[in-house]
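Labels A, B, C and D are assigned to the chains in the order they are written; within every chain, residues are numbered from 1.
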Amino acid sequence: MELLFIISTFFIAAIIGLLTKRRRVIEYAAIIASAISLVGSFIIANKVATEKIYNVSAVFSIDALGAIILLIISIVSLTTAIYSVEYLRQETAKDIIRVNRPRQYFILLNLFMMAMFMAVSFNNPILAWISIEATSLSTAFLISFYNKPSAMEAAWKYLTVNAVGLLIGFFGTMLYFTAFQPGSEAGLVTWQSLLANASHMNPIIAKIAFIFVLIGYGTKVGFVPMHTWKPDAYGKAPAPIGAMFSAALLPVAILIILKFRIITNSVVGVAFSQHLFLAFGLMSIAVPAFMMLILKDYKRMLAYSSIENAGVIALGFGFGGIAILASILHIIYHSLVKASLFFLSGNYLLKYNSAKIENVKGSINVIPITSVLFLAGFMAITGAPPFGILITKILIFSAGIKTYPIISLIGLLLIVILFIGFFKHAVAMVFGKKPETMKREKENIWLILPSLSLMVLVLLLSFYQPVFLQTLINNAALQY
Amino acid sequence: MTPEIGFASLISLFIVGAIGSLFFRNNDKLANRWQSFFAITGSLTGIFFSISQLISGKILAFAFAIPGFPLLSLSLYIDAISAFFIFIISLIALMCSIYGIDYIKHYYGKYDLGALGFFFNAFIVGIILVVSASNAIFFLIAWETMSFASYFLVIYDHHDKENVKAGFLYLIMTQVGTVFIMGAFLLMYKYTGSFDFRTIQANAGLIPVLAKNLIFVFALTGFGIKAGIIPLHIWLPAAHPAAPSHVSAIMSGVMIKSGIFMMIRVFLDLIQPAPTWWGLTIITIGAISSLLGVLYALTEHDIKRLLAYHSIENIGIILLGVGSALTFSSLNMPGLALISLVAALFHTLNHATFKSLLFLSAGSVINQTHTRNMEEFGGLIKFMPQTALFFLIGSMAISALPPFNGFFSEWLTYQALFQGIAVLSPIGKGIFMLAAGSLAFTGGLALACFVKAFGVTFLARPRSEEVEHAKESSFLMRLGMGTLATLSLLFGIFSGYLITAMENIGKSLAVFKNMPAITEASTGQGLVLKNNFSSVSGFAFFVLFLIVMALVYYVTKHLIYKEQKIVTGTTWDCGCDLGPRMEITATGFSRSIILIFKKILQPSIEHEIEYVTTDNPYTPKSKTVILGINDIHYSYIYQPLQAIIKKSSSYVKKIQSGNVNTYIAYIFIALVVTLFLAL
Amino acid sequence: MKFFILLIQILFVPAISPLCLGIIKKLKAKFQNRQGASIFQPYNDLRKLFNKDEIISKDASWIFKIAPYIIFTITLIIGASIPQFTSFLINNYTGDLLFTIYALAIGTFFLALAGMDIGSAFGGFGSSREMTVSALAEGGFVFSLLTVALINGTSNLTKIPAADILSHKQFLLSLALAFVGFVLVMLAETCRFPYDNPATHLELTMIHEAMILEYSGKKLALLEWASANKLVIFAILGANLFFPFGIAQTATLGALAIGIVALLLKILFFCFMIAFIESTIAKYRFFRLPGFLMLSFILNIVAIGLIYLI
Amino acid sequence: MSIVTLKILLEIMFLTIVFLHISKKNYDAAIAYGIQSFCVVLILFNSFQETGNILMLFIVLLTLVVKVILAPTFFTRLVRKHDLNISINTYLNISLTLITVVILTAIAHSSKLLPLTTIIPANQTLLALSLSVMLLALFLIVNRQGAILQIIGILSFENAIVAFTVFAGLEQSAALQFGIIFDIVIWITIATTFVSMLYKHFGTLNVTSIKNLKE
């Protein structure tokens, strides 16, 4: 019931945006909607933790991993909504966007969030596909939000590449329906019924289907070589949208792939999907590792970091064993940290009016809180103590070393190359001589609070996870 | 007080100190007091804890699994070696914290003292946990805490671009190191199925030879980066000078030893038995590091960089001990191995005392003169007499002059090498001989280097205005330095007792269990090897020296020509006024040695002559000579490596061509290729 | 009896060292067909210096003032710690090979510092050259003594003469090589040709003299005496480690007398050798010196190798 | 409808996609897409006839409206509005393009993909043909430099998938199909909007000149 409530609040918030032009109302609607989603997600997560699964009729069903991702989405949504309000106000004040634009922004944002909630909770693969497609559609205009040629270009590439990817994914999805004997189907096909009937599938078709799904939805996740849209889109979209993409959409897409993975595994065994995950995971770490060094734009840098983290997660699921648990933890940490980093990149953009790394210097003397948080975020995402990503990475590779030692060692090496690139840019931004014209000013609390709270949350979760979350993670790890 | 509580309070004192000082960010004075108080009490607790552990001889083992993270457990295993290192850490941290109280005052108003306190305390706690951890993941967390905290300390003075650059290099190198360490532990995990050190040790036999060798290479690289072995040292001369001096002292005196500690732990404890070539490799690296370290030190005129290069040299000397220990133990000669290990441990302790002493006194000098360039010092002995004395003691100790402690540990290292020359196979003999040779040359060159360092800094006339305004350091700073100086002497004089104690520490490793004593100690006798090969006594020499010196002084002063008149005049100046520019410079001092070793150091000399008038090339107005050094490690290792990565980056960059057709082609190709590969 | 032996042991080096200098000077004069001063002239020089007033540079610090005492003390201690004419005086405290070398380095250290202390250009380059030479000499020095130590199975110098080194014929070649190496180092450490010319104050070439240029009176006397002591110490080391003839094995009067005479003769031989070298070869260019010192090191490496090969 | 008719319909689809590869005019391309979509509608109508589900008829009509009427109209209007009738080049010239077309068709018919094409063994030729249409549509998106033809390529790809699912007996319930069509409609709207905005900003629809975002 909570789920429908969440989805409808987002819908209502979007409708409010259509109806009224009063900015404050729209802003509050968005914040309230996402706050409600957070509360709802907690209730759902608790239920899943105790009852293993959460069903609303046959159409909606949420399992442990779904609940975790639901929590992530809602937390990121709430912080994004809060951040967006002040961010857009400042942009309007600086005449970067016209006064009436935030209305469009919030409508699309609400739809986007709604689509993600639906993608996670729909129990039918086609409906999930439709929701994922809806995320693409709702965000195209968010990417081109600044109406500049470059934003247009990014949005166009996003649209094209994702359309192709999702159609491939759609074809793969359809192939899974061969599990049902012609004419035997009754009612709505669900993930569970697919899994139950998977044994009827021709193994080779199962393999083909999974390849199509992996490449199709992998486009949405951003596995190399389907990642090409990501730097463009992340770089050109408003910072909070980047946060939503990287922190919320990415896990959603991974979730869908994982759901297909269980089905495939039950037909053709684990090794097949493991090898695919490893191959794409390793590529997704390798390309960002080398790209990182020569990047010039800090938002693109965050995009590549997302690709790399998707790669690490894929490696984790590829290795299996405790790595799966570590990967789930990694998804949580990565989302929270990456959202925080995107918010901070927004602060940088507001202050320095440039997304170029070379134009951002000495920020520790201009926006100290942002800079310190940015450094902390950098440390967290690259795996420095006391943040949990260090542990998840070690756990992932410790599972990997047992079965795929060479891949693990290469992965480790690539991660350090990536670290070098990332670190180089982070240092260049935070330290150095600040531009003469810049003065140290008090930073707006609403631009700081979202990322600060996310970082605090990550820190807390690095030391202690609430019991229900632990149960969820363990259950999810058992299931996938 | 049980050891558990002792250790817990030790850690929590530092943690409270770290986190608490963040709350005083707005009040420099309070922040200073807070951090110093907790660092000092924490270090004192550490000293008491470690000494009581050493005396009781018990092992503190403790494990606490963390829910939610499999394989990770907060597991501690503090045997005598760990306790010994905790002792060193606490001792140096104590002195540096005392020194720091006054030293960090010059940051007031300029930098965030709260942040300094946070990272300083976190740094110390990181090192302590590194030597106590007994679970690889927990260890890595501690290791990274140590690395990152020290990184932020290195860039603490971040208004200086050079410091930020130094920090950059430092963190990159440590991260590369961490990856290698991770690789090593992962390999151990692969075969032993555990991250717990004790389990690894118990199951070390399960590791196949190839993997063991790989672990050795990985661990040596990883820990070697932290220890600063050549050619992985490049971060060290950059990072150590950049940090505040009391932090440099800890970094140089203690942090780099964590690499040594882990080498001992892994090679001599966890994955025994080891093949002989490990030890020989370490000895070779140690020999190269010590010799090149001191050579590079000679070329430096930045006083802290000079000291940093000496750290490399001393790490080399310690590694000679570690390597011999490994070699001997692999050949089943535990007695000799124990001597070598004791030599390494003793030199670790000694280097920690005198190197932090040197860094602290250099810090005092820099604090007064506001420059690290030795060419701008001179004559400081008259302005800072006590600091000069402390630096002199440090210099003598590091140059291995008896009766200071440096000599006795080097003596023991020599003995280990000599024994190796006597008993090993021809290849082993050769390597040990070259190692002993490099140790001998290192000793000579270090002496030359410290004549330069002390002479140029403290003696003769001031070379810049800043020097003339220099004042003696405050009491607390002198207290810190003075205690370390006294310890340098005491550790030398009572080296006999210390070595006996350290032998017991060495015996805490399983390899040396149930070993008979190999050295003897009594007050007069000093150090004696059981096989009667050698003996030496610091105490005897010290007493003898004092008596004879007093006698000589008395006789010359009071018995012969009592009514001698002493006139103060000017130095003979050949008839022209002696200016500070006529004194020998640091560069000039070492020029001849640099030219002798020009094959290795690759000096480049540039002459710039400015003429009075441009059309008349016969009357030069001024001439500048720049003596530069071409670092061969950069040009032969790091630059090519960098070029490879850059090149690959530029290839990878082409993937993101900007053309949407290409992007879709990738998807298409990925699809087709995967289909054909997977089916 | 023992007390007297000990007393002789302690006083032998400082007592004999000026004489050595005198002998070398006399021999050199003879080589040059000059009459030369009396061989006791150095004693007179010292007495003269001890009775002179001093002038000290205003730039000098306490390092400058204390250095001569330290340097002299060190030579006294080392002089008494090494084996001289007996093999039964065993010194377990300060008789170690490495200790001897490193304790002598204390003298070098303070001498070089004193050279820099007064801030004259001469003192500075003198120190620089001295440190360069002594740094490079270290390897050869350690290894030449080590060769002997390894042959005898102990690094305690006072025990070496007791061991029956000459009965092992197979070590002769090693010993010979080590001795050549030792001589090369000895000349460097005692500031002799071809490294330094003790008789010159030419700024282009002087090393030792440059450092003590500012000293006068008693301090100069101590320094001169100390450097003479050092020469004798090296001569005794060379004599007793490589040619352990005639050393008193028992504390009988006869044996002791033979021991002292033998020692004096051996020292005389070294004096002759030095005088001979200084009269027949020229001082070498500074940058050719490292070659000699490396040669010394390599010779000793070969010597040690030979110990185990044969 | 008999297999033969269906096969003819598919062959028309196949021909249109080949035509799309070589057509020089955007206008022609839009028409070709209309024809292709009409074939799909007929195929869907056929499956409606077989199942008799009345909701399916609604879907068929909706598809007809969207794909056969709406989409080509959008395109032709776009073309007219910006006077863009000359379509932009391909990367490969006509002969190479045709060779690739042949190769891809061969791949679709190859034994490697046999499991796919024999989901319903009776429909093997049909499935293989629709598979080759899929591959060709993908290749069209890669090969064509013009933005409009890329959109058409994506839509053709979708058409081919629909055809494939119909012949493989994987059709979904009407509600789901409705959702899918709804997505497609919105996608077409957004895509055409973007194309015209791109034209406004860049003055061209040649994607090779829209590549300022690199790295």
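To be clear about the criterion, a residue touches a chain if its C-beta (ideal position, glycine included) is under 8 Å from a C-beta of that chain, and two chains touch if they have at least 3 such contacts.
Quantities reported herein were computed from a predicted structural model and do not represent experimental measurements.
Steps from subunit A to subunit C, minimised over paths through touching chains, total 2.
Each chain gets a centre from the mean of its Cα atoms; the one farthest from the centre of subunit C is D. When the C-beta contacts at B-C and at A-D are tallied, the pair with the greater total is B-C. Here the spacing of subunit C and subunit D, counted between their Cα centres, is 99 Å. The centroid of the Cα atoms in subunit B and the matching centroid in subunit C are 35 Å apart. Chain centres here are Cα averages; for subunit A and subunit D they lie 31 Å apart. Averaged C-alpha coordinates give centres for subunit A and subunit B that are 44 Å from one another. In subunit B, the residues that touch at least two other chains are 653, 656, 660, 664, 671, 675, 679. Along subunit D, residues 113, 138, 141, 150, 210-213, 215 each make contact with two or more other chains.
Residues of subunit A in contact with at least two other chains: 156-157, 160, 164, 204, 208, 231, 291, 294. The set of touching chain pairs reads A-B, A-D, B-C, B-D, using the touch definition from the header. Taken in their complex, subunit D has these residues touching subunit B: 91, 107, 112-113, 138-139, 141-145, 150, 207-208, 210-215. Across the complex, subunit C is touched by residues 378-379, 381-382, 385, 388, 392, 396, 399-402, 407, 410-411, 414-415, 418, 421-422, 426, 429, 433, 436-437, 440-441, 443-445, 447-448, 450-452, 454-456, 458-461, 524-526, 528, 532-537, 540-541, 544-545, 548-549, 552-553, 556, 560-561, 564-573, 578, 580, 582-584, 588-593, 595-596 of subunit B. Residues of subunit A that touch subunit B in their complex: 156-157, 160-161, 164-165, 168, 204, 207-208, 211-212, 214-215, 219, 225-226, 228-229, 231, 272, 275-276, 279, 286-287, 290-291, 293-294, 322, 325, 329, 364, 379, 384-386, 388, 390-391, 394-395, 397-398, 401-402, 405, 408-409, 412-413, 415-417, 419-420, 423-424, 427, 431-433, 464-465, 470, 473. Subunit A contributes residues 124, 126-127, 130, 133-134, 137, 140-141, 144, 148-150, 152-157, 159-160, 163-164, 167, 170-171, 174-175, 177-178, 182, 188, 202, 204-205, 208, 231-232, 235-236, 291, 294-297, 300 to its touches with subunit D in the complex. Residues of subunit C that touch subunit B in their complex: 50-59, 61-63, 69-70, 72-74, 76-77, 92-94, 96-99, 102-103, 105-106, 108-109, 112-113, 116-121, 123-125, 127-129, 131-132, 134-139, 141-143, 146, 149-150, 153-156, 213-214, 217-218, 222, 286-287, 290, 297, 301, 304-305, 308.
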